[in-house]
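Please find the structures below.
Same chain, two partners: subunit A is paired with subunit B first, then with subunit C.
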Partner chain A sequence: MSILHIVNKSPYERNSVALAVDYMRDGDTLLLIEDAVYTVMQGGKAASIIDGQKAVVLGPDLAARGIAKEKMIDGVEVVDYAGFVDLVEASDKTQSWL
Partner chain B sequence: MKLTVQVNEGPYQHQASDSAYHFTKAALEKGHEIFRVFFYHDGVNNGTRLTTPPQDDRNVVARWSELAEKHDLDLVICVAAAQRRGIVDEGEAERNGKDATNIAPGFRISGLGQLIEGGIQSDRLVVFGD
Partner chain C sequence: MTTKKFMYVNRRAPYGTIYAWEALEVVLIGAAFEQDVSMAFVDDGVFQLLKGQDTSGIDMKNFSPTYSALGDYEVTKIYVEKESLEERGLTLDDLQHLVWEDEDEDWAEKDSIRLVSRAELAEVFAGQDVMFNF
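For the complex of A and B:
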């Protein structure tokens, strides 16, 4: 049973990213969309929250917030909306951490 | 894959409706089936045809209507949330004695059971909100 955890809150505003990570089990994926993309900023205090997790970030939301790929931490995959759909399909369930 | 999408926020207030739209569009382009899009809470405000956003801005409501027409989507607005917020179709206008309707093309008003059915009938339920 794999779950796609979808988070849309900035880790500097709410603790949803940390909460989702706490609930993640082997095989789960974390998808950062909307303001949650701020998690992957290099040098950001919140970047370490997703250390060692399978984390994916939505490219259009990164671009909308002016976060260039070279300003991202390593080890995070970038997807577009088609990739978002693929992640939903690849997981058994989705959980939006609203 | 069969999908139901839930939208909990209104247009221009939160990114949820935009995210849901782009996700739904991408899923359709990949050949997946959208069983239903369910608009709940402030999300019902995505279904009023009376909005007039500036011409150089995206028209969130019209965009949903166009997608529904192109792909024969079932866009369902929660009736209790709609009554609270003044989203009205012919049936609701008659039932509640209102002098006008404002529901946008492609949308229909129905109950929460439609969301539950979407969850049961679909392979995945994806929720967008605040």
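For the complex of A and C:
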């Protein structure tokens, strides 16, 4: 039973990203949206939180915040809103760490 | 009217909450009353000044160009905290280049952003009359 873990809070302000990662099991996916997209900034302290995790980030939220592709850490997939829907559909359930 | 030193402290990222946009509105209103206005960007507040913001994909107003208008409202002291930038893997090059024109020096263009340490910013805070927190 796979879970899509959705986080929308900055990793520098809340512990939601870290907590979601702690709750992830094999086959689960982490989706970073809104202020959680700051997690993937290269050189940022928070980037290590998602080391080795299957993480996906919402492209329109990255663009809004001025985070260019080359400023992102490696190994994170970028999706658009349609990709968001696909992830929800592919998971058995979703958990939003509000 | 006596001029007071107003400090606006920005600690939130833009778009996820309304704080950043609200702060900007209040700063511009305050500036119209000819107060001595400063802004500080601390914690996630430093994200407000990132270059290249494009909100076309999230159906929200991109208010980041407004920061470059601050100089015209005589908001010329913009403090960015060094520790907050470093923690986020950022340097001044990642931020917008904000300037103002000094009428006492034949409108010479000067940098508005002052990169300061936490300790230096604490000193600046100590010298203010009023603090606004966003």
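One rule holds for everything that comes next: the second predicted complex is superposed on the first by the 98 of 98 C-alpha atoms of A that agree within 3 Å, B and C clash if a C-alpha of one lies under 4 Å from a C-alpha of the other, contacts with A are read in each partner's own complex, and residues count from 1 in each chain.
One rule holds for everything that comes next: contacts are C-beta pairs under 8 Å (C-beta built on N, C-alpha and C of every residue); 3 or more make two chains touch, one makes a residue touch a chain.
The structure displayed is predicted, hence computed values, not measured ones.
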{"item": "Touched partner set for A:98, first subunit B, second subunit C, both or neither", "value": "first"}
{"item": "Touched partner set for A:65, first subunit B, second subunit C, both or neither", "value": "second"}
{"item": "Partner chain in contact with A:8 - subunit B first, subunit C second, else both or neither", "value": "both"}
{"item": "Subunit B versus subunit C as contact partner of A:89, first or second or both or neither", "value": "first"}
{"item": "Partner chain(s) touched by A:45 [first = subunit B, second = subunit C, both, neither]", "value": "second"}
{"item": "Broader residue contact with subunit A after superposition on the shared chain, subunit B or subunit C", "value": "C"}
{"item": "Which superposed partner A:34 touches (first subunit B, second subunit C, both, neither)", "value": "both"}
{"item": "Doubly contacted residues of subunit A, that is, touched by subunit B and again by subunit C", "value": "8, 34, 60-61, 80"}
{"item": "Residues of subunit C touching subunit A in the complex", "value": "12-17, 43-44, 47, 50-58, 60, 62, 64, 87-90, 94"}
{"item": "Subunit B residues within the subunit A interface of the complex", "value": "1, 3, 8, 15-16, 19, 22-23, 25-27, 29-30, 32, 124-130"}
{"item": "Contacting residues of subunit A [partner subunit B, same complex]", "value": "6, 8, 33-34, 60-61, 80-82, 84-86, 88-89, 91, 93-94, 96, 98"}
{"item": "For the subunit A and subunit C complex, residues of the former touching the latter", "value": "8-10, 12-13, 34-35, 38, 41-47, 59-61, 63-68, 71, 80"}
